[in-house]
Each structure stands twice: as C-alpha cells, then as structure tokens.
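Okay, structure first, notes after.
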C-alpha cells in the first residue's frame, strides 16, 4: 500500500527502507534535503514540503507516519498535517509521545474526522533487519486498515521458540505487533516497555560493577579475583536465566572495550522512564526498581549533588568530620 | 570419562542423565533409595553409601560432583568424601555454596592434596535439554582435567547469534562454561548472576504490575484501559529491547493463567541474592536495584511489617489519623 | 484583625481558636451546622453560607482562609468566594493544594484583582498549643498585610536553641513562618517538607523493624535479643543524633502499645508525597529515599501485588518452585 | 568512682572531661604524649603505658574504657588489657565495634573472668556539654556497678518534654542511657541508631536538593523559584513535623554557607551503616531506605561507575546513542 513518512532519521529512514523492501510505496519528507534525496535514490518518492507529501498520496484514506522527537515538533507536525488532510485519513505517531498527549490529540482530530493512531516502536538501529516490535493504539478500523504496514515492519514469527500454549496460525503478537487498545494504549505499553528496559539495564550495570570491583586493587589481595567480564557475559548467553538481548549487547561491548573506556558514564534518560514512574504513582503501584534505575541516570549526570554536600555538612556539624575527595 | 555424583534431585538427576547421554560413566548416590535406583535403571551405577561410591570409581584421579543444598549438608558431605579420597582426587561442589565457604574448603582440602572445584550451575529444570551454563572456580589443572564433563553438560554453541568480534574456534564461554578463576570464583560469578536475575525479574514484575493496574476498576473510567498482558509479553519477544528468557517464561505464564491466580505472591529468596548485596557492600558498590529486588521478596512474605505499623502510629501521633485496612 | 475561615475540621477549627486567643475576630463557615455553632459558642461569628461569611467581614481588604481538602472542594470554594469578593481582597488556601494549582488560580484570580495566597501549614492536632509552622507564597503586599495572622498562628521563637549565626531581632523564620516566594512557593516548600517527613518516618520504621525482628523467635536462640523498643526510643531522645519530634511520637506510641497492635499497618499517603517525586523527576534530582518511602506505603495497602505473583510464576517457570504462603 | 580511659581523641578526651567534672577520678592513656599530658593538666592521672594505666587503678574491680576506632586497634588493646587485668575487672568498649565482635570477645574474656561491656556512644563533638546517649550491653552486675559512670556521662532528663505515660522517678532511658541487653546489645542498638541516622540524613539531603534545584537556571523561567534554603530550614525548626537535631545542624550549615561550597560532597560511611543492612538481610527485613542511603554515599565517592558506562554501552548498542558529558 501507500504511506507518507515524515522524519527520516535513524528510525524513520530505516522504517521507510523496510517498507519499500516489502513493496510498499513511500512518500517521504524531512527538513534536511540530503536526507530525503538519499531515500529518493533508494526508491522513495521525496516531497519537499508537508503539502506536497500529502498531495503525493493517491490512495484514500491517506495515511502518514510521523517519526519525530516527542514534544513540540511532533505536536506541530501532527497539527499541520491534520489541516492538510480530510475526514477518514490517518495520522500515525510512531515516535515516543506521552500517552496522555495521544488521548488529547485523538480527541481533537476526531472532531475533523481524522483518525489518529499511536504506535510505540521498538527496535533501534537494528530494526531494518531485525524488524520493529510495535504496540499500537487507536480505533480498530484504522489499525486494521494499516495491517499491511504493521505486517511488513514487524519481525514476523522468526526462529523464536513458540510459547507453550500458542497454537494454530501465528497471532499478530507472535508476529511482533499488537493492537493494544484505544488511543494512547500503544504508547502506554511502549512506555512501560522502556521502564522495564531501564530496570533490566540497571540490574546488569550493578551486577557487572560488583564483578569488576572484585578485580580492584583497592581490595586486599586475598579477596581479589581476576574476572574476565566479557567471557562472563558470553557464558551467560547460553543456558542461563539472564539470557537476553541486553546481555548480548553487553557481551559485544565488553569484548570490544573491556574497561568501557569509550564511554563517559554520563547516561541520558528519555520521557518514557519518567512517565513510567508517574504512571506507577497515579496507580499507587510500588515501582522501586524502575524508579531507582531512573534516579541512577539522573545521578550519573552530576559530579556531586547538593544533597551529598548537605550530608557532609551535617556530618561536620555533629561529628567534626571535614570531608574531602579521596586523593 | 567417569564421575561420581551425590544428590540426585531435580538438578543432580538431570545432570547425571545428560552426562550419560554423552557417554560418560556415572556412579551415583542419594539418601533416597528409589531415587538412585531410578537412575540405575537409566544406566547409572548406583552406590548405597559414600564409601561404595568412592570405591566404585576406577579412574584416577577420582572426581565426585556434590549437588546438594548449600550449607551444612554440603559441608558435611564434602568432608566425609575428602576422608575417603586421596591426594589428586577432585571434589566438585556444583550447588549454590557461598564463595567464602569455597575459599575455606579449598584451603582445608589442599592440606590433604585433594582438589576442590566450585561450579555455579544455571539451567534449572530446563538444563537436561537446554544444557547447563557453568561458572567454574579452582586450580587450572583440575578444571582442565574435567573438560569432558563441562563440555557434555554445557549447552554448546547452539543457534545463538555469535557476538560481534568473536572469531575462529568457539571458546569455552561460547559453548557455555568458563573457568572463572581460582577457588570461589565460580560461585562468586554465579552469585552475581542470580543477583542480576533478581533485578531483571523485579523489573518485569513492576512493569506488568503497572500495566495490569491500568485495567483496574479502581481507576476512573476515562483513565482505564483493557490491556491484554499475555499478548504484550508475547509481542515483546520479537524485536524489542526487553527480549529475554525471563520474558519468554512470563509470556507462557500469562497465557496460561492471565491473572496468575495459581500463585500466592509469596516469594522466596535464596542465599545468592543476599550475598550479592553483601558483596556490593564489601566493595562499596551502589546496588540499589539488586537490593530493592531482594527487599521486595522479603516484603512479599509478610502481611504487614512492624515498620508499617510504626508509620501508622506516627501518623496517628501527629495528625490523629487512625488507619484501618481498606474495606 | 479580621479573618474569614472556611472549613472548621481539626485544622481549621483550631486555627480559629488560636486566632481568637490572640484577639482576632473570626467569621467562620462550615457545611456542618453543629461545627460552626460550636465555634460560635467559643466566640466566633458564625455564618451559614459563603455569602453571609463574606458579607460579615467589615474590614477592607477582606481576607478569607480556606481550610479544606485539596482538590475539587477547595477549587470550587475558591471560585465561589472569588465571585463574592472584590479587587484587593485576599483568599488564603491554607490546605494542601498542589502548587501548580496555586499558580493557575493566582493567575485566574488576578484578572479580577483578587489576591491569592498559598500557605502550607504544618502542625497537625498539636498546632493549637504548639503553633503552626507556615510556608507562604504570593504577592508581597498581601502576605505582609496578613502579618498579624501569621504571627498569631506561628509557634514563635519559643525555647528552641537559636541557630548559630542568627542574631538581633528574631526573623519571621525563627518565629515559625516564612514568605517563601511567589504564588505556589508556599505549597511547594510544604510539599517538600512532607516528602522529607515520609523519608524520616520510613527510616524510623525500618530501624525499629530490624530491632524488633532481633527479638523474633524465628531467629536461632544465640542470635536473639530481648530489646525493649520503647526504652530505646526514649533513650535516643536525649543526646543522640536522631533526636526529633517523630522520635518523640514513636517513643510515646511504643510505650503505650509496645507491639503496636492497635495499628493495622495499612498506611495512607497524600498528594504531597507523590508530588515530591514528580518534582524530583521534573528537576532530574535523584530522590531514592523519598520515592522508596512512598512505595512502601503503596505496598502496605496490598495483600500481594500482581508483580509478586509474576515473580513466583517466573520462578516456577525456570526452577519448578511452586510458592505458597508460609504456614 | 575511678575509671581508666584509653584513646583520648575527640570522643575519649571529652568523655574524660565530663567524668572529671562529675568528680570521678580518671587514669588515662593515649599513644600521643601531648594528648595525655593535656588531660593531665586538666586533672587526669596520665599513664604512659597500658601497664601503668592498669597499675594506676586502685579500686577493685578495676574498670577501663577503651575509646578507639573499631577493628584491629580495639581488638589488640582489649586483648592486651585483659592480659593485665584479673577476674572481676571490667573492660568497656565505648567505640563503634561490630556487635558480633562483642559476642566473641565477651565469651573469650569470660574464660578469664573478665567482664566485657559494650557501649554504643552517641553525641559526637557536642557530648561534653550536651551529654552522651549510651546504649549498653553486657552482664547485669557489671553494668550496674558502672552506674555512676553512665549517670555522669548521660545528658540527664534535661528540658526535653516528658513522654506521655512516663511517670514517677525518671528511668535510666529518660536520663539518656539504657542497659539494652546481653553482650552485643549495646552496639547492636547503636548500629541501628546510625542506620536510621543515615536514612534521616538522606531524606533531608534529597528534599533540600529538590528545593535548591527549583532555583536552577536550567529550569524554564516560569517554573523557577528563588527559595531561601536557610530560612526554610529555620522555619521548619518550630512546629513542623520534621523538627530534629539534624535539621538544626542543616539550618546552621545553610545559614553559614548557603551553597555549601565548603563541602566536596564526597561522603564517607562507617561500619554501622553497612552492618545495619547486613542485619536487615539476616532477619529478612526490608530496609529499602536505609540501604539507599548507604548506596548514595558509595556513589558520592566515585566520578562515574563502571555500571553507568555499561548503561551507555548498551544504549549505544541498541540505539546508537554515544553519550558524552554535558558541557
């Protein structure tokens, strides 16, 4: 089928490529000329404005996938698109929007008859070949209309062992996408996915930190080991309980750069990790590990917190300890 | 080759089976007669005492694998075995001993010339077919002597994608076992594996809890969704960042019993989770997520903590709030 | 001076009393007839509607203190009051509103010339005699106009030792109230106060839990102690680092009911604890302890979480452990 | 009465002074000549060796207070003292020993008839004037024999309001010391005191951090406030729920140095905070806040953890994010 795509960065560009590989016609736009021209060379129909992109879509209802950073730019683009489209047309927000924004936008656009679909898209730089895992929210008919798109982008059943109890024709979920529910549900599920991802990452981070510190010259010699972290990551990849894609990535990173000297340790977080905690709080669900994972990233971006200085100040107050950095 | 095995429960029994499948000769002992006889029918040579087990081993140096619960029973068995063995013989502790016990035992046994090998063994009930992931500590020559054993028990390279940068003949780590270091190193690495496992499990637990609570009738209707948790687990199995064996198990459990009514929520912990935190503290490594995961299990086993009652008592003290359970 | 007061519960009633003790004239309203009549007998001028309350205020600008639960009822009351008042008049929200609601309300009311003051009020059931600690936000002139009110309600300098470096005439802060900043600042500071309160309470809760468990018959006899918790709380009240009002309250509670059997352990939380975490997240400040304190309260209100059942389900999946409650 | 004292640092020196003020005879030793001579000028009887100190004690049973850092130096001193003393004599360890060391030492010394008393001593640099809060473990007769010492060192009933329900002659607890239980109980209770102290400190640290960050130029101007932290600390000292000595110290620190520029934020921890978590783990008590407080200190002493670098490495692996410090 035919799809418009806006935003041709790492994600949007490869989504376009994967769709074209499956025979879909893509009309694409990006503010960077060279980016859209590169895709044109690969077979996309490049438009140099939103107007031309919408005009270039021949099939009705028209469908446009917006793949931009969450926030103002997505909001503005959705609104501009909506002004160019007509009742029945579909706008897909495939980025990382906050699900409450989806709820609002879907309602606003429905006044004009435009159908808004939110799609949480996981897969990163590997998606082109590995496929994208998609969690989709919105009106049933619109989501079903786009099935050829989801189907082309999804990983498919692949060689993953079938879950015990799953039988017959593989379901959408087994092929790598789900219609999670009404508007917002797609991004809500993707948000929780990322929250879990933070927790799993932090579990590995802490575990490897304890392993590595066991090699440290700060420990008395009798307590010290000489553990090979990349071999440990590798051995866990087969037959252990912590087998996972994040472990695969860790094994590759530790093999290439055992001391991880290429990384500063300054770790960004994105909206989903934060919103996950806010959702937990709204629902009164304890989420200690997910919160701690987020806070570890906040902490990683500061040299010293004001709070730590206050700890020192109190210690000085009651005990006369004057604390200076270790030499 | 030939191996003695003591303790023929879920783990020990299947380890014996997997070794026999590979052509090794197993002399086995268990305090339960029927257990050892069952394995005898499958081809093992059953001994009805430790003495007869040791006597039944013909190859020198003799090697005996102890697969018993950590603590007193392992300690006693190792000591009784050592008394029956001679210089050069090898005792393998394949259970979940504390690595500091390994250090002590290895030293004690070395006085008699007996070689002690600690092996952290992951794989659970799936190990017979999936293979066991093994992390091994001890003297190099002893570990190398046992290579046919490790090799038979390990999963082997299988169909797991090779880590970028790994080349040539697959290493031991790629085949599912490593010689992690001197005595204690095997169980130390296994301990951290389990610590990470706790953290990953808790990340999934919290995430699915937030998803499920989103369906709750306690939420205002406009905020409520109707999320299908088993489909969500299933869709994440392909192409997402949280792909993992623990997710596979979650998907199967949620498919079979979507409300998990077959489980009480009373969650045990084992020594490894606790020792991981103690290791973190000894090394001064922050391990927030791993600790929180352990504490969540402690909390799961109590109806109300005394600490929570004290919170209520303080609230009553300053605010006159008298707290009772929600009806 | 003269003040209208709306909401005569535990807090509002005693605030009225403390103001009348200081010679201020109070015009009061509560939806419960008997509540307002009780205060009328103590000298207040009771009004049976918001209209009569406003009409009963003779001094211009008029000032009315709203002391109602945060949320819709406060919002509605402020709006109804504003409709009855005129430019220059002052509405004080002394409850526990979210500071972002203050920002919005102050802006809305300023269109009409009405001045909105937010006042975070700490003191609970003890405030009548001990005084109220107040954190105030709003326009400088309005806050200054109300100084006789703040001054009467505040604890005053009392017999608390003066902070080293504070000299001369005691400041407002030393007398127990501050003009914290513009609209919202009062409730923002009070919100953080409560966040810290949660953390301190949880620190005591955990500490006393560890002390009490040391007496438990579940421990081997050689490890068990027979600690007297009320004496421990009492001894810490003098000369220790943890001396605090919360400790005073704990000492009284543990003396009266050493096993705290009068409390269920079901612990409520209020908006401030939640908003504190949201503020931390907005500012990217790690707030591990404050978040953990909030989550402990969430957890206290459930028998078992769905997440814990999922932990059990995963353990069953990989290890065949079937977990049931301890008998 | 008469007491020997070993270790005349901040704590030991002032303990000697407070005892002399109460009329007790002190025989003192410190490895630093000038330290012991300074106390001799204030009236103590200085000995230049442990032997002379023991010989200088005339009253039987002799009693010696050891006030040295926990660990080897305390252990060695206690053993050397024991060799110089005789059955019935008393050794007090007033430092911060691990309570399991007390249990062992008490048992070892009892073979010789020497009585070992463990005393957890809180008070820091303020103890000389404010008195010391003491938690004491050991044999009843020995603890009672030393009552004049405890009584002189303790703060006494002072002007702290009496706990509701406490009547008649003030108990020891109300005067600032308790006989907590058998050997080890004193240091166990002191250990938990410090654990709670860490939690309370961290609660203040996080709360003030959120307050301060609200002033940050990194926030959009509309969200920014200009909060005066020292006034906030001051106002909470009267009538609020977080009133505490740690708040008093924070108020003084923030008044003197509002940005706390005199402190690096590099925060030490001591054995008690760590042992508290180990005790919680032994007892299976969830202690999330106390653990998080300890980990925050570990984290404060590192620029970046290896774990954080691994987070970055994983993010690079799945998303191509290359993370560098913020400029």
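Order as written gives the chain letters A, B, C and D; numbering starts at 1 within each chain.
Definition applied: a residue touches a chain if its C-beta (ideal position, glycine included) is under 8 Å from a C-beta of that chain, and two chains touch if they have at least 3 such contacts.
Just so we're on the same page, UniProt names per chain: A, B, C, D = Decarboxylating 6-phosphogluconate dehydrogenase.
Here the structure is a predicted model, which means the values were calculated and not measured.
Between subunit A and subunit C, the least number of touching-chain steps is 1. The chain with its Cα centroid farthest from the Cα centroid of subunit B is C. In terms of C-beta pairs in contact, the better-connected of the chain pairs B-D and A-D is A-D. Separating the centre of subunit C from that of subunit D, both taken as means of CA atoms, is a distance of 31 Å.
Put simply, the C-alpha centre of subunit A and that of subunit D have 47 angstrom between them.
Separating the centre of subunit B from that of subunit D, both taken as means of CA atoms, is a distance of 39 Å. Those residues of subunit C in touch with two or more other chains are numbered 124, 202, 204, 206, 209, 213, 241, 245-246, 252, 284-288, 292, 295-296, 299, 301, 305, 307, 318.
Put simply, subunit D touches subunit A in their complex at residues 10, 124-126, 201-202, 204-206, 208-209, 212-213, 245-246, 249-250, 252-254, 257, 260, 262-268, 288, 292, 296-297, 299-301, 303-321, 323-326. Per the touch definition, subunit A reaches subunit C in the complex via residues 241, 269, 274, 277-278, 281, 284-288, 291-292, 294-296, 298-299, 301, 305, 307, 318. Taken in their complex, subunit D has these residues touching subunit C: 122-124, 127, 130-135, 154-161, 163-166, 171-178, 180-182, 184-185, 188-189, 192-200, 202-204, 206-207, 209-211, 213-214, 216, 219, 223, 225-228, 231-232, 234-248, 251-252, 255-256, 276, 279-280, 282-290, 292-293, 295-296.
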